[in-house]
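Letters A, B, C and D name the chains as they come in the text, with residue numbers starting at 1 for each one.
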Amino acid sequence: MSYKVYYEDTDCLGIVYYANYLRFLERGRSEFIAAHGQSVADWNREGYLLVVRSLTIAYRRAAVLGDLLDVVSSFTLESRFRAVFHQRVERAGELIVEADVEVICLDPDQKPIMIPEAIQKLAAG
Amino acid sequence: MSYKVYYEDTDCLGIVYYANYLRFLERGRSEFIAAHGQSVADWNREGYLLVVRSLTIAYRRAAVLGDLLDVVSSFTLESRFRAVFHQRVERAGELIVEADVEVICLDPDQKPIMIPEAIQKLAAG
Amino acid sequence: MSYKVYYEDTDCLGIVYYANYLRFLERGRSEFIAAHGQSVADWNREGYLLVVRSLTIAYRRAAVLGDLLDVVSSFTLESRFRAVFHQRVERAGELIVEADVEVICLDPDQKPIMIPEAIQKLAAG
Amino acid sequence: MSYKVYYEDTDCLGIVYYANYLRFLERGRSEFIAAHGQSVADWNREGYLLVVRSLTIAYRRAAVLGDLLDVVSSFTLESRFRAVFHQRVERAGELIVEADVEVICLDPDQKPIMIPEAIQKLAAG
């Protein structure tokens, strides 16, 4: 998946606003999950809410209006309750942003539950 | 209510991004309603969802990082089902943006219902 | 151009937040211009800043997480200084939002200038 | 500084969208700097651009529509070129989010420069 940088993504320093990379990362995770089975919206309807518990992110280069950004994602399973997405935002192969995003699964009452096995199976390695 | 312009509100032209004024307008409507009774969140919990059906907006001047913006709001009742908020975004009395925002009320099943009488009473004139 | 609805686009009523359709509309205008010549970023570099002066928008249906939205755009030339984009956001052909967006062209000193002829030529009719 | 949670901040899970806390954190940093001297916009005009190089953030509780959020900020100086903001988003004293945000200073050509001494002096301890 590639995403173009539009005005909405930039700020008055002329570059992509730092919070907006988290939007690109979330698009990347959503597409990663959908590409390997059903969509995030489908999982929600079945009562599985994947939410971010923590993340670290490093901004390596600045992206600007019109750039085409790729989000490269993989993930590792820390336990049956906790996964970490390893994500890179790239521009023609050049690293722009990298992040580790810890994700857990909640039920509709906001109680932690096991990550669905179909998603567990997508873990790297 | 005054709102400061932060990086998040601006774009790479150095000014507030056009869509973000709708965020300022919605903050203004929310504060207008809360100032005259219960909050929008309270109304939601009681099953009254105020949603925008249409709007017109004119951009008169550009606001920039650090500006302090006021949102001035009043509204007129078109019927018991339909109200129009008249809103101005100002910077120290100078007009930045003006908008007419048509609002209706839905129940939790997305069916149009009467605007609550307590809100109807806030209409100007 | 199709755009998927991600979490970032929705609000706690479960639907796309009203201001965010303006982001979809701007993506549509940017792609419309780029598809017929150079990109908006290129025009900026040449000193032509296309900015929105006013708009009207009507919300016909609500879009939700995972929807795939198309932005259909055309425009008419009101004068050499002023154009109106006619835009529709659709979901599989169903009308979600329609808008008329008045656009003018500024130079880097924020002075109104003629819309570049290459863009004028894109006008419908 | 307190910030109310508006529709714009929430997503269709009914809670504040994870990227939007970075907007709250940036508001907090901007107010922290302005409270101790000149504003971020003033620093920009003098050629000092404070930008985020990396951050870690942990989401402890979910905030919802209408919540009043406080951003508590302090910072430590790692070197004359690098500072770390320690920030907490709280709701009536309850921890919602905590983050460490690494900040550097760029000149208008995007070259790293020393953090202005007036800002260095704000470091805790």
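Here, a contact is a pair of C-beta atoms (placed from the backbone, for glycine too) under 8 Å apart; a residue touches a chain by one contact, two chains touch by 3 or more.
Given the structure is predicted, the values throughout are model-derived calculations rather than measurements.
Applying the document's contact definition, name the chain pair with more C-beta pairs in contact, A-C or A-B.
More C-beta contacts join the chains of A-C.
What's the farthest chain from subunit D if centres are computed as the mean of the Cα atoms?
Chain centre farthest from subunit D's centre: C.
Measure off the straight-line distance from the CA centroid of subunit A to the CA centroid of subunit B, and report it in whole Å.
Here subunit A and subunit B have centroids separated by 32 Å.
What's the distance between the Cα centroids of subunit B and subunit C, rounded to whole Å?
Going by mean C-alpha positions, subunit B sits 22 Å from subunit C.
Can you give the whole-Å distance between the Cα centres of subunit A and subunit C?
One centre to the other, that is 27 Å.
Would you mind listing the residues of subunit A that make contact with two or more other chains?
Counting only residues that touch two or more other chains, subunit A contributes 7-8, 13, 19, 23, 26, 44, 64-65.
Enumerate the contact residues on subunit C facing subunit B in the complex.
Residue list for subunit C touching subunit B: 13, 18-20, 22-23, 26, 44, 49, 51-59, 62, 110.
Taking the touch rule as given, give the residues of subunit B at its contact with subunit A in the complex, in rising order.
By the definition above, subunit B touches subunit A via 7-8, 10-15, 17, 19, 64-65.
In the complex formed with subunit D, which residues of subunit B make contact?
Going by the criterion above, the answer is residues 4, 6-8, 23, 26-27, 30, 39-42, 44, 64-66.
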